[in-house]
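Take a look at the following structure, please.
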């Protein structure tokens, strides 16, 4: 009758509600998969194997432990999602080669001893990321 | 039958389980925030919203309103019937309510397929983002409401509810009315008002 | 202690606290590197310290959850653990794997570690929080599955309470969503999209079920309120958590190449995420106010109430501050995120594990509660750590606001590094608050060794 | 037929009329503040009837009808405000 509050009903609503919202989320994910091809530059990725190689270098040197990429990562060093647009490929390569700066008191980036080929792969990766449609984020070129 | 209308007796709690009412309030809040966002966004894009609104099928929207209020009415009658211990009638009314929900889904699917054939998706423009999001979110609620009613009907059909005990029936009915209530705002807001 | 097999929890709790200390020490190293950039360079670069800091946190929380489950499930199920031996074995495997991983982080350059551990077979390393080498990740899966098997079998052979059902669901969800850490496509957008299925659906989804279940268990014990009442509200709270939190994932899909509809869905549903946390706060206070007994363990009650308040502040309020897309556009990837992360993790998960430890540890050591002296010390630790985390959060928030202003809003935006120099004062203050936190933690550990008149035996 | 059922039928009829009215205003291109106000008033009446009679919140502890009808009026108020500013 009116005015009861039972554990079994609370449990049913918990399971029902959870499944329901999971289904809505999966539907949104399905739509997501349909729309991202227009935004994620997958054609570039397929055409240029250097990008995947660059991504692997990005990962195996744990760049995300200091930098952010599209705003995600550590907040210790600059955003690199748009670094290709901010600095250009030559600057990026020269910068990586001359690390660490050894300026006393300044944050230091390790020397990774990349080959020229690897530096090109990395810049290809940065170029690719910088061209992903991020809804105009970051607000300005400084990231 | 001249028994007193039981709904008129003063009680302190809403019909059905308190847990469903917490859920209903949470859902109303989510829809409320969604509606508010729609209104605020429309304020900044009046021309787009007014233009795009004309591309919607208002007749389908109105027909669906009829389906939902009919469904709500059937379920209310089902609760009224069980309070008089008319078990078969109660189950029958419930089935009509579920059928009305089915009618809503069919109309909505026709409406959606027309939109999808026109290549419309969530990224088409801000108006269609809202149209699809709001109606889809509500569409899912209609399905959920029907699933709940179906479970309730299975029990009602076996004569599982009585005038003395129809807690589950009232719980399901309360949720179903919420689905109707939300559409009462959604239809004029998205389809009609300009 | 009602069941002998509950005692395996002790191992997990001790290891958890040990890793907690490691986490804080590396946190202090990082905090110093924020203002003295070359501190310990090149021996411990920032990225390595951060990896240890975050991974130690995750592992010790997992250890805490497992210990809590091993303690809680036999009592709820009213039966001995399915296999205490398996629980002990898994503990050592987990601990050794965690220790080896940390040693690997510290002694081998990351690229070398990747090569050494077969990252080429299935590249999964080098993504935030999922830095663990492949063998460690597989180890986590094995440990988690054996643990779940053990716990599930225990529940199946005994009484099935709502608390153990919610806990099991949370733990199973934890294991299932971790599987997405093995999916690492070249496509950065998809990589990031499914990465959040581990990170978000853990901390803003299934972990909250674990949190709710542990809190409900301790509240039943310390307040003596009817199980019926507490379990009903547990269900209501976890329902609210999942109906807001699952679609709330969308608040991570604003700026990573995903479609713009996520800005609306994510904003709306994540804006509702504080509600379950608020409900949890009310729940904790309400139950304590309606208590039917005065439990001698005052410290555990304090931790339980603290969890309610701090999770609401950290996860609820600080999350809400920057969850709306138009705000997040400016705050995404700044110190604001760091501020929220610190208070949310501490307020929700650190505190709930410490609540459980505070309640269970005295019983595991053969007494209902610690001596008054030890409890007073533990409460000092509570206040020192909690106040310190509040200040860490406030200083990081201040740094974040200034950073957003200088780097993203100002007419002539400053570069990242120049901005960092401008906010250095706040980083210094954060570091000092961190030192206070460490002192609190040391007091906390000290309280375990504090002698004094014990309360009546359990 | 009892009183309660007859009342429900009557409310159903009112809801149908309200829906027809809303639909008609859309079909005949009614727009502007007066039309919006009219449509929202219809929605308020329909919503209140559903809440009070179908949801059966009539005559129970004031908390519940206040919450739900309050929600309805708040949302309709926000809509009115929004349309007032951007018509």
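The letters A, B, C and D name the chains in turn, as written, and every chain counts its residues from 1.
Just so we're on the same page, a residue touches a chain if its C-beta (ideal position, glycine included) is under 8 Å from a C-beta of that chain, and two chains touch if they have at least 3 such contacts.
In this text the structure is predicted, and so the values were computed from the model without any measurement.
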The chain pair with the larger count of contacting C-beta pairs, comparing A-B against B-C, is A-B
Determine the centre-to-centre distance between subunit B and subunit C, using the mean Cα coordinates as centres, and give it in whole Å.
39
Could you please state the distance in Å, as a whole number, between where the Cα atoms of subunit C are centred and where those of subunit D are centred?
46
Residues of subunit D that touch two or more other chains sit at 60
Can you list the subunit B residues in contact with two or more other chains?
11-15, 19, 23, 29, 122-123, 170
Of all residues in subunit C, the ones touching two or more other chains:
232, 235-236, 239, 243, 259-261, 265
Could you classify the connectivity of these chains, where an edge means two chains touch, as line, ring, star, complete or other?
other
Once the touch criterion is applied, which pairs of chains come out as touching?
A-B, A-C, B-C, B-D
For the subunit B and subunit D complex, residues of the former touching the latter:
1-15, 21, 24-25, 28-29, 32, 35-36, 39-40, 42-44, 46, 58-59, 62, 65-66, 69-70, 72-73, 75-77, 79-81, 83-84, 170, 174, 177-178, 180-181, 184-185, 187-189, 191-194
Write out the stretch or stretches of subunit D touching subunit B in their complex.
1-5, 7-9, 11-12, 15-16, 19-20, 22-23, 25-27, 31, 35-36, 39-40, 42-43, 46-47, 50-51, 53-61, 64, 67-68, 71-72, 74-76, 78-79, 81-83, 85-87
Interfacial residue positions of subunit B with respect to subunit A in the complex:
11-20, 23, 121-123, 136-137, 140, 144, 147-148, 164-168, 170-171
What residues of subunit A sit close enough to touch subunit C in their complex?
5-7, 10-11, 13-14, 17-18, 20-22, 24-25, 28, 31-32, 35-36, 39-40, 42, 45, 51-52, 55-56, 58-66, 68-79, 100, 102-108, 110, 112, 128-129, 132-135, 137-143
Interface residues, subunit B side, partner subunit C - complex
19, 22-23, 26, 29-30, 33-34, 37, 122-123, 129-130, 133
